[in-house]
Amino acid sequence: MASALLLAVAAVIALGAGHGAAFDPNPLQDFCVADTTSKVRVNGVPCKDPATVTPDDFFFAGVDRPGGAASRRYGFTALPVQIPGLNTLGASHARVDVAPGGVFPPHYHPRASETAVVLDGAVYFGFVTSYPDNRVYAKVLRKGDVFAVPQGLVHFLYNNGTAPAALYATLSSQNPGLVLLADALFGAGLPDDLLAKTFLTDLDTAHKIGAKFRS
Amino acid sequence: MASALLLAVAAVIALGAGHGAAFDPNPLQDFCVADTTSKVRVNGVPCKDPATVTPDDFFFAGVDRPGGAASRRYGFTALPVQIPGLNTLGASHARVDVAPGGVFPPHYHPRASETAVVLDGAVYFGFVTSYPDNRVYAKVLRKGDVFAVPQGLVHFLYNNGTAPAALYATLSSQNPGLVLLADALFGAGLPDDLLAKTFLTDLDTAHKIGAKFRS
Amino acid sequence: MASALLLAVAAVIALGAGHGAAFDPNPLQDFCVADTTSKVRVNGVPCKDPATVTPDDFFFAGVDRPGGAASRRYGFTALPVQIPGLNTLGASHARVDVAPGGVFPPHYHPRASETAVVLDGAVYFGFVTSYPDNRVYAKVLRKGDVFAVPQGLVHFLYNNGTAPAALYATLSSQNPGLVLLADALFGAGLPDDLLAKTFLTDLDTAHKIGAKFRS
Amino acid sequence: MASALLLAVAAVIALGAGHGAAFDPNPLQDFCVADTTSKVRVNGVPCKDPATVTPDDFFFAGVDRPGGAASRRYGFTALPVQIPGLNTLGASHARVDVAPGGVFPPHYHPRASETAVVLDGAVYFGFVTSYPDNRVYAKVLRKGDVFAVPQGLVHFLYNNGTAPAALYATLSSQNPGLVLLADALFGAGLPDDLLAKTFLTDLDTAHKIGAKFRS
Amino acid sequence: MASALLLAVAAVIALGAGHGAAFDPNPLQDFCVADTTSKVRVNGVPCKDPATVTPDDFFFAGVDRPGGAASRRYGFTALPVQIPGLNTLGASHARVDVAPGGVFPPHYHPRASETAVVLDGAVYFGFVTSYPDNRVYAKVLRKGDVFAVPQGLVHFLYNNGTAPAALYATLSSQNPGLVLLADALFGAGLPDDLLAKTFLTDLDTAHKIGAKFRS
Amino acid sequence: MASALLLAVAAVIALGAGHGAAFDPNPLQDFCVADTTSKVRVNGVPCKDPATVTPDDFFFAGVDRPGGAASRRYGFTALPVQIPGLNTLGASHARVDVAPGGVFPPHYHPRASETAVVLDGAVYFGFVTSYPDNRVYAKVLRKGDVFAVPQGLVHFLYNNGTAPAALYATLSSQNPGLVLLADALFGAGLPDDLLAKTFLTDLDTAHKIGAKFRS
């Protein structure tokens, strides 16, 4: 299932490859619909021939129900809103569903700020400020609530209730990037001794935690 | 009622006054929560003392139901998502409800691109490209559909069905600005002869249309 | 004649296709002269081989007299300053001539602010602020006067005198875009009932006005 | 007379103090008219109370004739277009007149690209690319000609004809800055031995040239 | 000692408070030297009176030896380069010393890319790409080596040798921000059950690790 | 030897061709490693296939000793830090060595601010503000000192001591550009009479100085 989520997120990244970062460069024409078939690689996705653009290039359906791939590991699903016409428009979106007891674990977006509106259920949502403060700004969000996360800061979702929670997230970039802290630390193959020093723990604990991410 | 809408929108603008445009300048610290009481006027809203910032500065409630002020003239209501913490984060949001037969008439945002997701009902949504093409990209959107509008282009919502429609709109700016074309032309006191020449019509027709906007 | 104007403006857009918007991304080398023959489509125009660049790539002649194509409909001519070397330099220019009784009707540029200096004659010039204020800032300009228009706001020229007027306009973008409000509304094929609701008028009036733009 | 020019240019800089550089940060509201009386110093000029803004804040007169202060040393006059409303709009303008035999000596703008249109007369105009090429792109410009200069590159005007020349210059910044190369080198009090090494010449020659700038 | 490091880093943040992020807005005048005494809070630091600026405002000494505060926990010291004149210039610097066996643990900068040059010793240096790849790009760096880290990605330093290592780091922002992953997770007071789910481990392990960060 | 330096600097420019200017457009993906073999020319360097990227793409060695090409004319050597992975990351670096009595003559970077740290020796370093002030901010720098130069301002290095000096320079752009004032004036083939008027001197002096640059 993780590989399924991987595919879903990869889809965002694929669509997003080269898309504008948060606070993207301004658009340089009415529209530049992403040409995902182009062999040209630049800081931004090439555009398809405007003559071939249709309304569907600005359209996506299915945000009214859970979708995308599931992370059994964490208990969430993520449905990226894939709109080629968003290329150069400085925004991206996703629906996220978190099962009871599930989390969208602490993560950040290297190139975007974020807001999320709760469509259903309730969830504990928050972000952490940068070093040395590491202050947590968090709140339980319910249906109709909106919460904002500053650019690049660590944030998380935790459904500690009994009903499924659904959110619609907006990122201020077409390709915000996603870094799940635990996966970046334990799923990337960093040396156990580095990780032990990082978490002020022993090699055995670091190794045991890493084993879970390698399985 | 128009003045009520005026107040609601003014609230957005007040909150937004000086906020970043679409494609805002990058944020310059973890956060700069809008200090709407400051007497300082700059290209961007001054920040309140970080020591006084609370989670509620990043929070807004009520997007799950219609709200804000109603425009009886056009048949819509607009509920701005007022989050002081969005200052410098490059985004703003609003819930829009359109009654059966109502419109959010042709308008544009001088400083933002936009996406909208349909929460309920159905609506005819589209945008018009710039001169000389003036091509329309439009589609009937239903619950769960998302549609994108490039920066600064004219777009509209028309509920030509029998059920109320509700949308959640995202703008790529903290202060996108709003220009309703008809109001800018007939509600601003432009000379009738200029308007007649603009619409290739006679003075009497221009005057009659303007009278509706002045009443 | 409209199609002639269309060609002239299309020329600007063609040159401008993908050029930087107002507040363009910074230039990324000494110069990137537009290669209008390139098949590559990106958010910005590809550059021609620097070895083939000549002084003429930074040069344009003919701003000292009326030129470009005429809009008989509105009574103006527009001469775009076509300089391939302006690619990535964040500016564009045009000479505009307005005949007595003619107008450059209310319009805006989705991606630029503008200034205009009067070369000859006199003209009533102004802009309208965004909703809900819709305040008009206008003035009769005479030879040697300069007036500025903020990014994306509606503005107009009206020669209500007896002598031809000529202006030299500067836009803070290489591809500002142009939206003529009346043409975007009535020349794009929007439904008459939407237009009637937009102008608080009846279907017949909306249809009659539209007929002029379709002819 | 130099001090007179100094005052004129200082006026531009005063107005421009803190204005946006070429490729300014985007404007963050409809307008932010420069409040030159504010004691607040930021990266950008504070705005005056919008309630006190008038059409004249976007207006300047007198570009139809020579003006500003004269540089007897070089034989030019420069008339800055002073429009408080240009604050945050990413552009500035000036009229420049060059007497027969006069020059606007080699200079550059640290924060802008430039275009100039010839209003009267003829002038030899050009720019020099960066190290190591130092290639000159130059041309004799006549009435109605426009020439562009990339951001930050050295350029010059030389009226080697018999009639006065007048130009209207546009810079892609509200505060482009101006560096006259010879004045920066010999008018700033750099040590003669450094200048001698810079110009591959002897101390005496460096000192003699500097004396002219100190007188 | 941690609080000492805290002070040192706080000093950077204090100086940096409101400074431009990586890819800062362009500077808007020759210089805007940070006025750290100003009561004005904006997205960027106010400037001191240019008349009071001296060469020392652009100067810092002491990068040739270890300095700043030490983190006994991790075995490094960080010396921020404090130059008020860097306000609006889009860069910041620090000298970092890592003792044998010490680490600058995995961290990222929410608003900057980074490069580091090794002044002395050797260190294992690397960064991790975003989800889902989590690929590590790492290398042992020796004296005179330079390594680059893309904006916002997790990176680390590990001195697994026997000699002290010293680096000079450059960040593409005046206020890049610093997030130490382990501290943000375990030092911020996040609930143990959230942390257990994040690390795919049990409550006891999460609690034990957290205890080290709370001590 | 000049041509040798030319080659070294050309190498920077080659690598930098199309790289981001100071205050570059934000990066649009985790990384976009410069593909210097691409035939595509855009405002920014195309990226190589991410699948072929290795740690060495972010790596450069040799800054611990003098390198690059020497300018016998001025007495300095410049070693550009060539890291393809810096493409889109908004920074570049170089090691500069200045022999006793040598200078890095007055120059500026059209698209960057700069800081320099002294690795060895001592050097007189300074910058000059823009017209009309032309104020010099200078200081003798010794090992471990850092000095900042605002974007686009003229600055210089002068080793008036008896020991070699070495600096590590950081520029806030991947392609800052370099303009040596004397070379741009006398090495570009500008007419002697223009140069004489520029330096308030006679044709013979201008010609004699130019001869040195042509030899």
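In this document, chain identifiers A, B, C, D, E and F correspond to the written order of the chains, with residue numbering beginning at 1 in each.
The rule we apply is simple: contacts are C-beta pairs under 8 Å (C-beta built on N, C-alpha and C of every residue); 3 or more make two chains touch, one makes a residue touch a chain.
Please read these numbers as outputs of a predicted model, since none were measured by experiment.
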{"item": "Any chain that touches chain C and chain A", "value": "B, F"}
{"item": "Cα-superposition angle relating the copies chain E and chain D, to nearest 5°", "value": "120"}
{"item": "Chain located farthest away, centre of chain E as origin (C-alpha)", "value": "C"}
{"item": "Selected from B-D, A-C or A-E, interface repeating D-F by over half of its contact pairs", "value": "A-E"}
{"item": "Chain A-chain F separation of Cα centroids, rounded to whole Å", "value": "40"}
{"item": "Approximate Å spacing (C-alpha centroids) for the pair chain C, chain D", "value": "27"}
{"item": "Per-residue overlap in chain C, given as positions that touch at least 2 other chains", "value": "20-27, 30, 40, 42, 44, 110-111, 130, 150-151, 153, 177"}
{"item": "Chain contact topology (line, ring, star, complete or other)", "value": "other"}
{"item": "Chain-chain contacts as defined at top", "value": "A-B, A-C, A-E, A-F, B-C, B-D, B-E, C-D, C-F, D-E, D-F, E-F"}
{"item": "Contact footprint of chain C on chain F as seen in their complex", "value": "16-25, 40-44, 110-111, 175, 177"}
{"item": "Interfacial residue positions of chain E with respect to chain F in the complex", "value": "22-27, 30-31, 53-56, 58-65, 81, 83, 85-86, 89-91, 93, 113, 115, 117-119, 126-127, 129-130, 137-139, 141-151, 153, 168, 170, 172"}
{"item": "For the chain A and chain E complex, residues of the former touching the latter", "value": "5-6, 9-10, 13, 21, 23, 73-74, 103, 105-111, 124, 128, 130-132, 134-136, 150-154, 156, 158, 160, 177-191, 193-194, 197-201, 205, 208-209, 212-213"}
{"item": "Touch list for chain E against partner chain D, complex", "value": "20, 25-30, 32, 35, 38, 40, 42, 44, 46-49, 87-88"}
